[in-house]
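One structure, pasted below without further comment.
Each chain gets a letter, A, B and C, in the order it is written, and its residues are counted from 1.
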Amino acid sequence: MPAKPLPDAEQLLASLTDRMRPVVGPDTGLVGIHTGGVWLAERLHQALNISLPLGTLDVSFYRDDFSRKGLRRNVKSSDIPFDIDGCAVIIVDDVLYTGRTIRAAMNELFDYGRPSNIRLAALIDRGGRELPISADFVGASVEIRPDENIELVRDADHRFALRLVKG
Amino acid sequence: MWLNHSNPQLNQNGELHHLLSLEGLPADVLRQILDTTESFVGVTQREVKKVPLLRGKAVFNLFFEPSTRTRTTFEIAAKRLSADVINLAINVSSQSKGETVLDTVANLAAMQADMFIVRHAASGAPYLIARHVAQDIHVVNAGDGRHAHPTQGLLDMYTIRHYKGDFTKLRVAIVGDILHSRVARSQIHALTTLGCPEIRVIGPRTLLPAHVNKLGVQVYPDMKQGLKNVDVVMMLRLQNERMNGALLPSAQEFYKYYGLTEDKLALAKTDAIVLHPGPMNRGVEIDSSVADGRQSVILPQVTFGIAIRMAVMSILAGN
Amino acid sequence: MKIHIKNGRLIDPKNGIDAQRDMYVAAGKVVAVGTPPANFGANRTIDATGLIVCPGLVDLAVRLREPGLEYLATLESEMQAAIAGGVTSLACPPDTDPPLDEPGLVEMLKFRAQNLNQAHVYPVGALTVGLKGSKLTEMAELRDAGCIAFSQAEAPFADNQVLMHALQYAATFGFPVWLRPQDPALAKLGVAHEGEVATRLGLPAIPVSAETIALSTILIVARETGARIHIARLSSAEGVALIRDAKSRGLPVTCDLGIHHAHLSEMDIGYFDPNCHLTPPLRSQRDRDALRSGLADGTIDVLCSDHAPVDEDAKQLPFSESETGATGVELLLPLTLKWAAECGVDLAAALDRITARPASILGIDCGHLSPGSAADICIFDPGAHWRVGEDSLRSQGKNTPFTGIEVCGRVTHTLIGGAVVYEKNIK
């Protein structure tokens, strides 16, 4: 069976940027989730001319699978260099799947303060939600098998591409 | 013949299961702890200093040797991980008439303890406990006799890395009562594992262990010689009972020859940093002007201490 | 009961025998070796094919824990352990509770032991009252009650003057004095050898000089007083050298080595294994090697078990708080054989260290199988491997560094006064 080709990541990012432009304002706080979400958020932050500095989150300390899987080897620091209170937050992630990462990200954000609202931008929605979470801005919806994963990769020139990997 | 002794700290996957000593810990495990600490420092700097990692877990502080400072730090660290903390100060004199160490531990384990933080006056006590607890209970050594104080050693390494970066280019001096110091032993093992090329121990002969050079350090009975061009000065606390006994004639003489004053510190590099595990005996091992001076990193050590313990407990709980 | 022990390899070091010889026992004595007496109708024949027949072992230090220390072990259990180990004569140290400083206590111990009809027990009496190191005991009375020598066990003397007077007094009667060389001040609070391991593990240490300073003092006082002394439990290379020197200068001193010190060193403490908490401490590998060669060249005269059964509660404590000592009477034979094999010492010479030589230090006519002597015999399988553990040890003390280790050499029969008191079915 011929595999459907994966969409072009750069094109998806461009269309996502266009759709987000109308809702971005001076109180918009962009927060990327390590690692792919941060890459995307960096580009969006620049393209959308967001005034508040970029925030980054490593959700390792809020994951729900800690007891089973333990702490990841290379935990990065979370850094929210603006005041979350009253802020219109947009979380950025590369692939939205079960929704658990987003749940963890929201819990972590609420430990920083009380945002006025939170929206989610994801480059790829691959379905398979296990929690009632949905993205407000999606690049593309893609269907893949449970034993497969989609990865966002960045080359030496910082250009994005999507890759399918097994397991 | 060597009887069979397997490293009780690591599980069969080579992951950290107990933290008992820095000796014999692989470099990548040490670095993982330091790297993870970085993230926890970030947590200690925000408004909400808690993360939910150890929610529902019970951490028991088993202190057979009294200590407010270390116990409080572990308590804060555990609470910031959302764990339930129970403090037990075991009166050692009643211990000898009543329960043995193992009986105490067995009773507590039956109360669903997940982690024991143990401090004991006898070297090796945490090993005894680790050998006898159930598989899913983790033991952290908060200081055993003269043997080890691994979390202190780790926070000292984190502090050095924070200010100085690469261990492989540093000259480090440890000053004071090395003989009785578990902190010094832990520091020496960690520095060696992390690649520090020159570790100097400075003190009078009565306070240096007979075979200390076998630990890979250079011995300097003369502090002025020992401090020349060092990048890091780690002062040790001198306990009162050493000062007027058969080991040292007086605090005054010790201060004159081994106390860190400004002019002695001037022999080290101009950007050398000064560490002390606390609590300090001002005017005995260290001058106030140095302790409060621009080269002192003693206060940051305390902040890092909480983050280090959060990192250690998280890594253990997840393994 | 007439017993014929056939086809065994008889090793009797005192009589210089190491050959295939049958043995004939009757009326509690060895009646003949090699050729049977006329009309010897054996009631029992023991087939010792592939086995070694030797004099019952003589162990100079076996703690029976009676009187007073029954929570650690009992006379019954330790006497069982002794015969399972092939030991037919043993000396027990005076460090009981109360110490063996009164004739009544000694008599009671001997009486209790005799009633068991097992190994012969030779109590070592306390040199000072309560072993407190100040006041001399009534040594002559104790001797009459059955003490074969006097000792301070592991307790110190109040000062050198007491040591001097104690030796002078003992010398008056020609009583042997057995002493452990350890300077109390230098050994105070120490639990391990002052070396690399104690430094790394942060254990309070005992320097070699604690042994050599005390040993030098003892040797000088012995020379001055003319007392017969036996040095108990050497631990260091320097200590061996001092003994060698004293012997070469004609001092009639003897000394012994505990079996654990013949094999182990400070390295075996590992991660604070309390089973390796011994006194004197296990020292460096260099010390251990010197002890082994000292035993081989005769500077050290005998091996003993230094048997010290300790219950689990007293051992499973942090290292420095744990009770010292290891159970060992059942390991005397296999560990002696192990030393011999590793150091290229022949079997007869090895067995000499645990039969004839300790017998001469004990001053008792035992440790040999001359015709007419008491039939105290040990028969063992030199090739039998067994794992040391709770199930294989009869002593109540299971505290040994050799737990879980396989050793070679197992007693199959022990005879005392011509009666088979212990038998193990190996085949």
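Here is the rule we use: a residue touches a chain if its C-beta (ideal position, glycine included) is under 8 Å from a C-beta of that chain, and two chains touch if they have at least 3 such contacts.
The structure displayed is predicted, hence computed values, not measured ones.
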Chain centre (avg CA) closest to assembly CA average -> B
Identity of the chain that, by mean CA position, is farthest from subunit A: C
Cα-centroid distance, subunit B relative to subunit C, in whole angstrom: 44
Gap in Å, rounded to a whole number, between the CA centres of subunit C and subunit A: 76
Give, as an integer number of Å, the spacing between the C-alpha centres of subunit B and subunit A. 39
Please output the residues of subunit B touching subunit C within their complex, sorted ascending. 1-5, 7-8, 23, 100-102, 120, 122-125, 127-128, 132, 144-148, 182, 185, 209-212, 214-215
Quick one: which bits of subunit B touch subunit A in the complex? Just the residue numbers, please. 15, 32, 35-36, 38-39, 41-43, 46-48, 50-53, 314-315, 317-319
Touching residues on subunit C, where the partner in the complex is subunit B: 194-196, 198-205, 207, 263-264, 267-268, 270-274, 276, 313, 316-321, 401-402, 404-405
What residues of subunit A sit close enough to touch subunit B in their complex? 58, 60-62, 66-67, 69-71, 73-80, 107-108, 111-113
